[in-house]
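See the structures that follow.
After this come two complexes, each holding subunit A, first together with subunit B and then together with subunit C.
And then the complex of A and B:
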């Protein structure tokens, strides 16, 4: 059976081969033409393959790591024919795609950025009762792209509290609509637009020159005595006027409540109708005064507390600020005056003041700075008396920031703090911070 | 109880006036050109065809990264001028909302930029994004700040992308300009930069 099959197959193959040979012989002139045509096409294909190989090699060199691309690349071969021109066009497109792709690598449609910092000190940057090494915060900053006029900003902050436990805060959650180039309306939780510092610098330490915020301007859960965040409606914008630019803010939001010695922005809503209303008007100079900004701010609110005999205080805060921020100088001055009324009817009106001045000078990667801050807060004012950090103090500090690159900075600060009414304590501290953005 | 106090009424007026007053600006913005130069003239990137371009992005309130980028471009300008050739330095604003042509004129004056071959462009939000995506300038805003990188992009006379540099390396940018053909920088210029 097997032998028969082999013989049959051999016969078929022989017959087929002979038949093909006969046919080839009969069509010899036509086949020569076809072979010649095929050879021409093969030559052209070989040339194309060689050119593609060269281009591929060139592209691979371009897409190589920086150490390789740092070498001067070879100039492109001059265009010789249409194929070369087309290849050059493809190369350019691939090059653009590569550079754009590399720049946006990691993007998944929802831009996720953030800040983080760690540090060490002889006392804690926020809590002076602790010392040694400490985790600062991990601050996720989400700005989804929602079209040309819709804006959104979410800031999710992870930090370690004084007990070493992880605390999570949705520091900002605001969705806005850009009415025009000069007006954006936000709804949600935002940084209250008083003075300059509170809206210019946020939780990410990598942005700010100094290692820490002025104490009285700290965030609520870090001992701040002013409502750093407001949950409400905020209109903000700028409008050019002559050589300068006016900036404005107007907002209304939930009144804060003092709970456990800390201001609570009450982001889940109110049980009564008490609001904070305020605004900020600034002028950003142009021309040779470029970098100078001056402004005024004001807010009023009715703030209650959780004492056994609850107090209600009408807070009236007047702010004044001036900044001079240039390529070299970063000088900041802020002053606030509180004119508070005790609505509970027991202690009357109270006047308190707080302010700071900071001078910094940028020397390439180094930025030395100095700051003086002072808060003189009436302790008979229930608004301050009910707050854990409501005591008066003054502090002087010197420090230096060193930028390792665009995304990371090392900071060193030496400070001296004097508490002038409650504890009457005086202490110095040395702090180091390593802050990044990503 | 809502306490209507000193500031409430003026602020309500500001809200209303802003919403009404700026509404017209919003509708006219749709017809805005892709870019305007520092004198407010409408301009397209195609208008630079025929010229070699070194392009970057910046914003006028940037106090750390952008000044270093501009300083590098000024150094590059001197190197190129020494060869007797010209290159167009095109700076596209990251922040068109704040950086209008007037702001760029002030910026030029305050940074001592006097050359004729510098172009400071203000785009629309859309054209700014298109430019940043096309040439790889990722950025994000944080309040008054713009987080960005330092990148220089070289385009040839036909507007084609030639290459980019993220280290502010004059040597690399000069090599890219040579690749773009036409600058013909003397080799001594590159050696001089490489030696610095």
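And then the complex of A and C:
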């Protein structure tokens, strides 16, 4: 009713003004004053029509159902066909985005986000001794709104271990204070900020193009040889400089301990004063290099183990990474060098290397990718010798990701792994994964 | 009954003709409203056009002492993403998911229409958004983009 009234009113005003103008033109003498008056009245009428038209547009947007609002394009003008077509395509995606709810968290309540994945394979994605269907993980992360500067992030992960038992990990429990636009200080358990992959993807399989993490970058309890989590203090931020942006991280936390062949971040505290200290410095380019990020990371730690004659190793890890992430490309390169010192024995210094390169190209919903990873870990180094997954290997893989929509993806990967020192095994695998985010 | 039916038909016909005239007139002398984009902020917010990318991607939380509250506007989002952020909706969505996952910052709330957005920005200290209709008084226009 209201809409009809607006239309009727607008049209009457318009036709009234036009009628007056016509009558005046026909009957009145062509004096300047008369013409000026008519022009003024016509302008006023046109402005009123414009305002009513905008009001009508808004009322229609309000009255229409949400999906229709997101998808209803304006009537195209001939000269704007190309732009309109492009906008229509984008509008479709925005509609999907609204459905996915990825960017529609309200300002009230506790925002809950998460990832989940399931899959199948001729071998397990993490444990090659298993095959068939498998549950990956269910990962919730909470980001409560706690005021202007207080921040909090809690991540709870449910996964199935090698025995089929449900395992629960408090992946992250960090509370922070935003000092400025370029600095936030966190306290608690966080993702150790080395390289790029560990903080960018972690348990978020749906946002990761590839089906699995590089093996040497796996989580501590899944075969990783580096501390994926640290319990401590973390300062992070970014500063814009010219067209690009510098990013930085500095952290200190409890030193890890190798227990039962696995790195333990010792989140309940230490029995001695040994810490991990490190940082990460990156540059995110702008302009024609938009999407390129390069950086360096470093951490040092004193790591012990639970052997009968316990070893202590000073771990020095130097990282180098480069990523090129655009609408089309997602290329990742990470390289790590270990320069470890034996503190408890007489074996001296040991040098080891690990790295991977991944190239992916987005073709609308399909993203084919390939990855090569390699770890050359010195077995006389107690740090690697004490870890169950401390052996050297290389793996090549090709895969494809298919995005069903913005919130779910199917992935297929074929890999070939060669273990080069401990087991000297070689095997291939074919894996499938269905990953979602919410 | 016949008079009533005739009256309804005439009224509907008149409405249709007048609505068509109205639409034709409004499109004849101005580009469609959806092709004019205004990025607007509450008058309390002092940011420049160069800051907009950081504001809407969660990299900038404060303007001076004012805590920023950017919101998306579903009615104008395609135009905004294309002209200001120069991102596809998929890229925008994934960027926010990564940002939220890494830094604990929540994706922007979404408003449903230009009118709702303008009212929110006018009322809320620190608010910023974008619309495809003339925003009127009570807001600061940071960017006015056509075509």
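One rule holds for everything that comes next: the second predicted complex is superposed on the first by the 330 of 438 C-alpha atoms of A that agree within 3 Å, B and C clash if a C-alpha of one lies under 4 Å from a C-alpha of the other, contacts with A are read in each partner's own complex, and residues count from 1 in each chain.
Keep in mind that, in the parts below, contacts are C-beta pairs under 8 Å (C-beta built on N, C-alpha and C of every residue); 3 or more make two chains touch, one makes a residue touch a chain.
Predicted model, so just to flag it, every value in this text is computed and none were measured.
Contacts of A:248 after superposition on the shared chain: subunit B is touched, whereas subunit C is not. In the superposition on chain A, A:240 contacts both subunit B and subunit C. After overlaying the two complexes on the shared chain, residue contacts for A:314 are found with subunit B alone; subunit C is out of touch. In the overlay built on the shared chain, the residue A:302 is in contact with subunit B alone; subunit C does not reach it. Of the two partner chains placed by the overlay, subunit B and subunit C both lie in contact with A:207. Of the two partner chains placed around the shared chain by superposition, subunit B is the only one that A:273 touches, whereas subunit C remains out of contact. Of the two partner chains placed by the overlay, only subunit C lies in contact with A:174; subunit B stays clear of it. By the touch criterion stated above, A:158 is placed in contact with neither subunit B nor subunit C.
Contact with both subunit B and subunit C is seen for A:437 once the two complexes are overlaid on the shared chain.
On subunit A, the surface touched by subunit B in one complex and the surface touched by subunit C in the other have residues 62, 66, 69-70, 73-76, 96, 100, 102-104, 107, 111, 113, 141, 143, 148, 180-181, 191, 199-200, 202, 204, 207, 238, 240, 245, 327, 403, 406, 437 in common. Within the complex formed with subunit A, the residues of subunit C that make contact are 15, 18-19, 21-23, 25-27, 29-35, 54, 59-62, 67, 72, 74-75, 77-79, 81-82, 87-94, 96-98, 100-110, 112-116, 133-134, 147. By the touch criterion given at the top, residues 1-3, 5-8, 10-12, 14-15, 18-19, 22-23, 25-26, 29, 60-61, 63-65, 67, 96-98, 100, 102-103, 106-107, 109-111, 125-126, 133-138, 140-145, 147, 149-151, 153, 160-164, 166-167, 169, 171-172, 175-176, 178-179, 181, 190 of subunit B touch subunit A in their complex.
For subunit A in complex with subunit B, the residues that touch the partner chain are 62, 66, 69-76, 92, 95-96, 99-104, 107, 111, 113, 141, 143, 148-149, 179-183, 185, 191, 199-202, 204, 207, 235, 237-238, 240, 243, 245, 248, 250-252, 272-275, 277-279, 286-288, 290, 298-300, 302, 314, 316, 325-327, 330, 362, 403, 406, 437. Taken in their complex, subunit A has these residues touching subunit C: 4, 7-8, 10-12, 14-15, 46, 49-50, 53-54, 57-58, 61-62, 66, 69-70, 73-77, 80, 83, 86-87, 90-91, 93-94, 96-98, 100, 102-107, 111, 113, 141, 143, 145, 148, 151-153, 174, 176, 178, 180-181, 184, 191, 199-200, 202, 204, 207, 236, 238, 240, 245, 327, 403, 406, 437.
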